[in-house]
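My questions all concern the structure below.
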Amino acid sequence: MAKIITFGEVMLRLAPHGYYRLIQTDDLEATYGGAEANVAVSLANYGEDVAFVTKLPENLIGQAAVNSLRRYGVDTGKIVRGGERVGIYYMEKGASQRGSLVIYDRKYSAMQQAQSGDFDWKKIFRGAKWFHFTGITPALSPEVAKICLEACKAAKANKMMVSCDLNYRGKLWTKDAAKATMTKLLKYVDVVIANEDDCADVLGIKAANSDTTKGALDEKGYESVAKQVQKAFKLKMVAITLRTSISASDNKWAAMVYDGKQCYHSKEYLIHITDRVGGGDSFGAGLIYGLVHKFDAQKTLEFAVAASCLKQTIEGDYNQVSLDEVLKLAGGNASGRISR
Amino acid sequence: MAKIITFGEVMLRLAPHGYYRLIQTDDLEATYGGAEANVAVSLANYGEDVAFVTKLPENLIGQAAVNSLRRYGVDTGKIVRGGERVGIYYMEKGASQRGSLVIYDRKYSAMQQAQSGDFDWKKIFRGAKWFHFTGITPALSPEVAKICLEACKAAKANKMMVSCDLNYRGKLWTKDAAKATMTKLLKYVDVVIANEDDCADVLGIKAANSDTTKGALDEKGYESVAKQVQKAFKLKMVAITLRTSISASDNKWAAMVYDGKQCYHSKEYLIHITDRVGGGDSFGAGLIYGLVHKFDAQKTLEFAVAASCLKQTIEGDYNQVSLDEVLKLAGGNASGRISR
Amino acid sequence: MAKIITFGEVMLRLAPHGYYRLIQTDDLEATYGGAEANVAVSLANYGEDVAFVTKLPENLIGQAAVNSLRRYGVDTGKIVRGGERVGIYYMEKGASQRGSLVIYDRKYSAMQQAQSGDFDWKKIFRGAKWFHFTGITPALSPEVAKICLEACKAAKANKMMVSCDLNYRGKLWTKDAAKATMTKLLKYVDVVIANEDDCADVLGIKAANSDTTKGALDEKGYESVAKQVQKAFKLKMVAITLRTSISASDNKWAAMVYDGKQCYHSKEYLIHITDRVGGGDSFGAGLIYGLVHKFDAQKTLEFAVAASCLKQTIEGDYNQVSLDEVLKLAGGNASGRISR
Amino acid sequence: MAKIITFGEVMLRLAPHGYYRLIQTDDLEATYGGAEANVAVSLANYGEDVAFVTKLPENLIGQAAVNSLRRYGVDTGKIVRGGERVGIYYMEKGASQRGSLVIYDRKYSAMQQAQSGDFDWKKIFRGAKWFHFTGITPALSPEVAKICLEACKAAKANKMMVSCDLNYRGKLWTKDAAKATMTKLLKYVDVVIANEDDCADVLGIKAANSDTTKGALDEKGYESVAKQVQKAFKLKMVAITLRTSISASDNKWAAMVYDGKQCYHSKEYLIHITDRVGGGDSFGAGLIYGLVHKFDAQKTLEFAVAASCLKQTIEGDYNQVSLDEVLKLAGGNASGRISR
Amino acid sequence: MAKIITFGEVMLRLAPHGYYRLIQTDDLEATYGGAEANVAVSLANYGEDVAFVTKLPENLIGQAAVNSLRRYGVDTGKIVRGGERVGIYYMEKGASQRGSLVIYDRKYSAMQQAQSGDFDWKKIFRGAKWFHFTGITPALSPEVAKICLEACKAAKANKMMVSCDLNYRGKLWTKDAAKATMTKLLKYVDVVIANEDDCADVLGIKAANSDTTKGALDEKGYESVAKQVQKAFKLKMVAITLRTSISASDNKWAAMVYDGKQCYHSKEYLIHITDRVGGGDSFGAGLIYGLVHKFDAQKTLEFAVAASCLKQTIEGDYNQVSLDEVLKLAGGNASGRISR
Amino acid sequence: MAKIITFGEVMLRLAPHGYYRLIQTDDLEATYGGAEANVAVSLANYGEDVAFVTKLPENLIGQAAVNSLRRYGVDTGKIVRGGERVGIYYMEKGASQRGSLVIYDRKYSAMQQAQSGDFDWKKIFRGAKWFHFTGITPALSPEVAKICLEACKAAKANKMMVSCDLNYRGKLWTKDAAKATMTKLLKYVDVVIANEDDCADVLGIKAANSDTTKGALDEKGYESVAKQVQKAFKLKMVAITLRTSISASDNKWAAMVYDGKQCYHSKEYLIHITDRVGGGDSFGAGLIYGLVHKFDAQKTLEFAVAASCLKQTIEGDYNQVSLDEVLKLAGGNASGRISR
């Protein structure tokens, strides 16, 4: 009986080692990841009782995906087995002026072709307190969007908290489609997480003077965005991550939250990046952890930002850091000295 | 203007290194292969002017597939670019009593979704003398089967030789569907290549007393099969490869041909296997090479068997052996001594 | 509430890749293994509900050991955390006339220094039906031997079946010490598993005419050994594995069981070895599986031998084969052909 | 019939992985590279029809060099086969204050021992519009310098554009020898490419106040250098790359061109370096691309600088970037964000 | 007859490749290192005649440790063989805000359990001029501390110079224990090396206003520390390394020495770190080299700082740089340009 | 002062991993080897005091070659440094019917261009008892043949034993040239080692009925060959290794010696081969070891054959086995069982 449930797709991630390009190498690192799976692993690493729900085929690749999750302590007992294929994403790590590259090969995956009847939410949610999904899940197909809605309704019926990371993916759906669907889902959501662009892309709510391709962000402008979003959906909390991309190798990273009363701003980290994929997911997991453990808003925010800063020093989608490591960084020790 | 044209699908082949299983490893070898692509690479390695025709998406994975072919000298200028994904097959190498394992993830590939209008066979065949495909290509979809038929007709109109490896794949279509389609195509074919089971599976023509799962083959029985097949389709040649599987590590390997007049039997090799995938394809390429170069039937057969024996000592789908190496083995030097 | 409980030590296994020696390489494969952990993973791979009990330190190496087990579905919730170090064994794979080499660095491990109070057997055994350990566990220290005795008594009090693989390790204790301790423990045991030497080494019960260093075994002689052992400890079953070492690369492998009434002999496999470590453990797991599922004696034996034959084609200590794969081989399909 | 022809040596490049030193490792990455081959691959990656001309031995190493080029679409049909060995360079990647290290083992290579009669320039240049070589080629031997001269004359006779990267290599010849030979060759050249030091080293034409080992460059001083060089050889264009070496890990990178009328300066990039070898070659290829496609001088320059900035984020000698990627960076998007 | 003798423990260092965490990988890099062994390798790389003294078990792991030293020219003929195990340390490289992580598994090692009678210092020191150890050696056990004292006395009796790096390791002993032991040993020492914290941790002598976890160091404050230490033990030289940890990826690095008369400050390097472990040891080796070769104080200091700057660009514990490379950097060439 | 001196060339050996071909891979294993260096390493591994003499350039590759030897305890203090390059050999491991492939790139190496004045044999041989070289050394150049002759004369003047492995290499010289030179050198030789073909190739002395490419050897015929050779050069011992090449994967291996009085035949091993290169060298080293330690002829022979059998289970040129391991196998324990 897991306390926290996340729902989405976990994909096989195929990536060249180091900074090689896909056309240069005969060797691919094969790990697994996906927004909601990443959140689940983060929470399991902090010692939370968390289950990830998805659909995976009954072959060795599906099994390897399951194994990647239970290896890190995620409850995989609620995963539905069936369908034909595990979705794939090819990932090339960028460096300096060369951006990272993602090629999706996720269509027709078991999860993308899941049917409403595959998931018995009442049973899945037994004993659970928190439900998390992201905007990627309903983008997979209209049927999966419908499943998301059923899950949200069941979660609220079960008096659970619901969080959603907007996570707009232009390769999966249009902004209009996203808006139509997400507007419906957000009625059941308590906590919204977004990056600088998501609120504009998904909800049409914009911050003034922000052009993220120029790497110039007006942090203040996000306060108004957060307030608009909170108001529109009567949310308990809106959190926005703020990335300033100096280059593919070096990013600034911060975040803010608005709790309906006040805006809080985190400290900003200058990160020399190992792997930035999953940065937002690890922020979401940190936020959920803080809220579940009744941290105050500032501490919750600093915990989430520190967690996601550390993620970007970790290879792969999953955030492999412990509670102690996050608390230590959130507490201010960023010198990176060795203890021995 | 390539002399030989092969047509089919080339897939990304994802395989653990050595004898690891797919659920044990985070590292996959990413190479490319597919029956007709394998034939093309073999022929290019012998110095033939050969083009491979397929459809591949316009992304880095599609490009890597193209690069894998032109690296070894195959003309890729006739490949159509478009569609969504490169087909994949996961491959686990067996050892001793544990058989090799193949998981297909090739549905919805660019090639599987190719349309008749994608290929202008008249243009493709300009200056060509030989067309080769296998039973896998028409199994991809009814539309691709139709394209195959168009290609066969165009080839005959262009006075080309046509060869076909029956290559039955039970994961792609039923025996009935195979029979219906292949019977139509074989009308245009001059040379048929098959393994021990293909003639029964695809054409319903059986050798007495053969149960390949028991590893016991009655070589004599295949003479009657070859004769039946030759007669049914008025073929110039029928070739049958004969594998005796002692274990996943050790196989016996031989072949026979029937040229409408006489049956020829090759010597038999005891192979300590490095990678058996592509063994049949390298046999087909050897057969084509011998016929193109007017070797007599026995020499053609020995060349093809030696080539495919060597293939099974090579990693990956593509047969990386030179003309000299095949001729040397076919000529009887199998001692494996070092020259220095 | 796991149905089957195994108890022992899991070690970090450090091995050069392929056939390199420890003094040739800067790269070690770091996996985990140990007799009872190996049994647990095998059973989990067959879908059994199994927990592994041990003591591991609270650092990343201890955590990696836990992760290696839960990755494959073993319940690690009963593992005690504490102590200083994870035991290590260095492993060099042999080839042809060069035997494999094991160097133990397992002294002072958390498990070796475990205390009786660390384990609450009544709680651990709640709902369990089967308890398995091997002769390695009591060899770790007199205190651990005492814990084993407590576990055995608790298991019998809980009406569980108890199985024990004699697994004599000359590097851990003397034959006399082994005999004294094991004789006490075997009073609580229902099923004994042994290799050709164990009965003589541990219990002083010998087969005539067997000198295992010469690779010559008199299978008939083992019938009398099995009968003597069964009688001495009033066992439900005695199982003896029979390895004929042609070389480090090729072994013959078979087994026999005696159920108090009759001796059963398995078929013999000629194995081209990938990794022989864990062969005996996978036999034990197969035997337990067969007994739990009420297979008859012959089928139980064939299942266990097929499982352990397959293990020796698998890299690492853990047997990564599925129920279907074992059943298929036990059912007689050993040709190693690809299904595609 | 390739449009662009480059001529020089391609070497086997043996490099430790990552930042290991040659005396630390048993594993070398084996790729291929050389100034003019690098230019050819860049141009092929942009879709240009380009052939690389060289001499390579008829063994597997020579073949692997050929394959490395045709893999990326370079026409290798004009490569002469013969001679004894493939030249080698050992390459150790530097980091921070430790500079990269190159050890040449290129003497006696097939190309260094090429004879005038090996190359039929009239035939090679049939249908070609552009010829490119660098100062490394004539430095290989007096005979190869003579071949260069023959090529230049044939190119001009064929009304082709000729470009030359001065590329002074102190390990191959003296400054005096370079000056004597290059002065003769430059009479046939239309476009000269140089780095900060080349004009001084090869032609004795200096910029004031520049000591490149101090990392301090006076960009303005290069304008006078460019003008002197243009005037001396009546060139259509002189291009100078400007590297400021903060450390082996971080460089500033810019360039300027002078077209006989005006000096143009590019934007400057701060590059976190993956592999700087081939930076100048990718600049040259970018320049040729811009000139062939009639970009104006500023756009040509920005394209070439962006291309060579990206190269330094790529492993190996060959610049593995697409036309789109260069255009995007030259167009101003340097944020390195992921598109997904 | 080695001129310089260093004494301590060499451990097996197990580290994930690149920036992977210990719980993410199945592949560990297995090299060897330890403070005094690192000093010996550095000196051997500069061409010094140096022997490393320790105790190592007579198995393949002990042999691999010996081999790692003699590979780089260290005299291993004085190493005592015996004992049970080679000490281990697990090492995870940090990145950006994530610090490096060291897990010791060195207890019960052959060296930690060495006995006074194992070492015949009179014989070991025959012909030697310099003895070096660090604070780690006496921290291993009271018996080893006693051996250290014997060695110090024998060295002084042999009129050798004695140097000691304080190297406080909180995981090995308390500050009080360190102070009691080190105070006794320092009576025999001529040259003390310390980092920012060591003087306070080991000797209770503090610099004002320094909190190293905040990354803020007052360089001036160290002058008083150095003077106090020099005075307390009548030393010929006190050297203090000064690290400013911007992040785990980027550090500032400098040092100072006090020779009883004057303080000297080195230039400061900004290092993009490859592997910082062994930085202090390579500083010590550089200092010894300068003093042995009668460099003046400033040149000795700059040599030592340049050497240790370069070390931090090298993978592994051992500093793989040549005399020429250190002299070049100490002489001011830090541009990291390639020579070719 | 080494007791045994071997003299020849050590090369960089570049080999694909596993069974990949040179044209398939971007990764080469870089180790070192050469007939006489291999003998030296074998003897050092048995605890002998042995020096290897050669000439190597003063760069990192030359240093890495030195390091590879001293790593395993060979005295490298007599190696002359100078010249331009380290010789290279590319090595592709064969499998089954595909033979191993060697490509030499050793011309112009420092050793091949060594001059008579480079070696002061009187000094080198001070205190030495045994000198060993092979037919490869004089084949490098007439000058090196002259140096060999000088060494042989100096060795005899110093009352040393001299052994020579004929080691005919058709890629280095003709049979006539070999005969002319070797006949002169063998006057100073006491022990000759040869394989099945060497005596015929080098000395024109043939065994009846042996065609090694057919894998059929008449062991008896070699007795007459050995006797003829012994008589011709008044040798103390002639040893002939006898390889029956079943395939590249499986060989039979035996040897015989004739001591002027009697022929001794060894047992024959069936070897499943890991790497056969260096098999003959490890036989030579075993023979020298036996003779130095006054084993009787049969024991010497069995030791040498067991050593070289084990070598063929070891990766790389150098035989990484201990004295104990050879003695154990020579003593009859070939079961390859694990000791634990």
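Observations on the structure shown:
Should a chain be cited, it is by its letter among A, B, C, D, E and F, assigned in written order, with residues numbered from 1 in that chain.
Simple rule for what comes next: a residue touches a chain if its C-beta (ideal position, glycine included) is under 8 Å from a C-beta of that chain, and two chains touch if they have at least 3 such contacts.
Because the structure is predicted, anything quoted here is derived from the model rather than measured.
If you compare A-C with B-F, the chain pair joined by more contacting C-beta pairs is B-F. Counting every residue number used by either copy at the chain C-chain F contact, under half are found in both chains. In this assembly, the C-alpha centroid of chain C lies 62 Å from the C-alpha centroid of chain D. Computed centre separation for the pair chain D/chain E is 44 angstrom, with centres defined by C-alpha atoms.
Within chain F, residues 18, 21, 23, 25-26, 67, 101 each touch two or more of the remaining chains.
If you check the complex, the residues on chain C that touch chain F are 18-21, 23-24, 94-102, 104, 169-171, 212-215, 245, 247-250, 276-277. Residue ranges on chain C touching chain B, taken from their complex, read 18, 269-274, 306, 309-310, 312-316, 320-321, 325, 329, 333-340. If you check the complex, the residues on chain C that touch chain E are 14, 21-23, 25-31, 59-61, 63-64, 67, 84-86, 88, 90, 92, 101, 103, 105, 107-108. Interface of chain C with chain A (complex): residues 67-68, 70-73.
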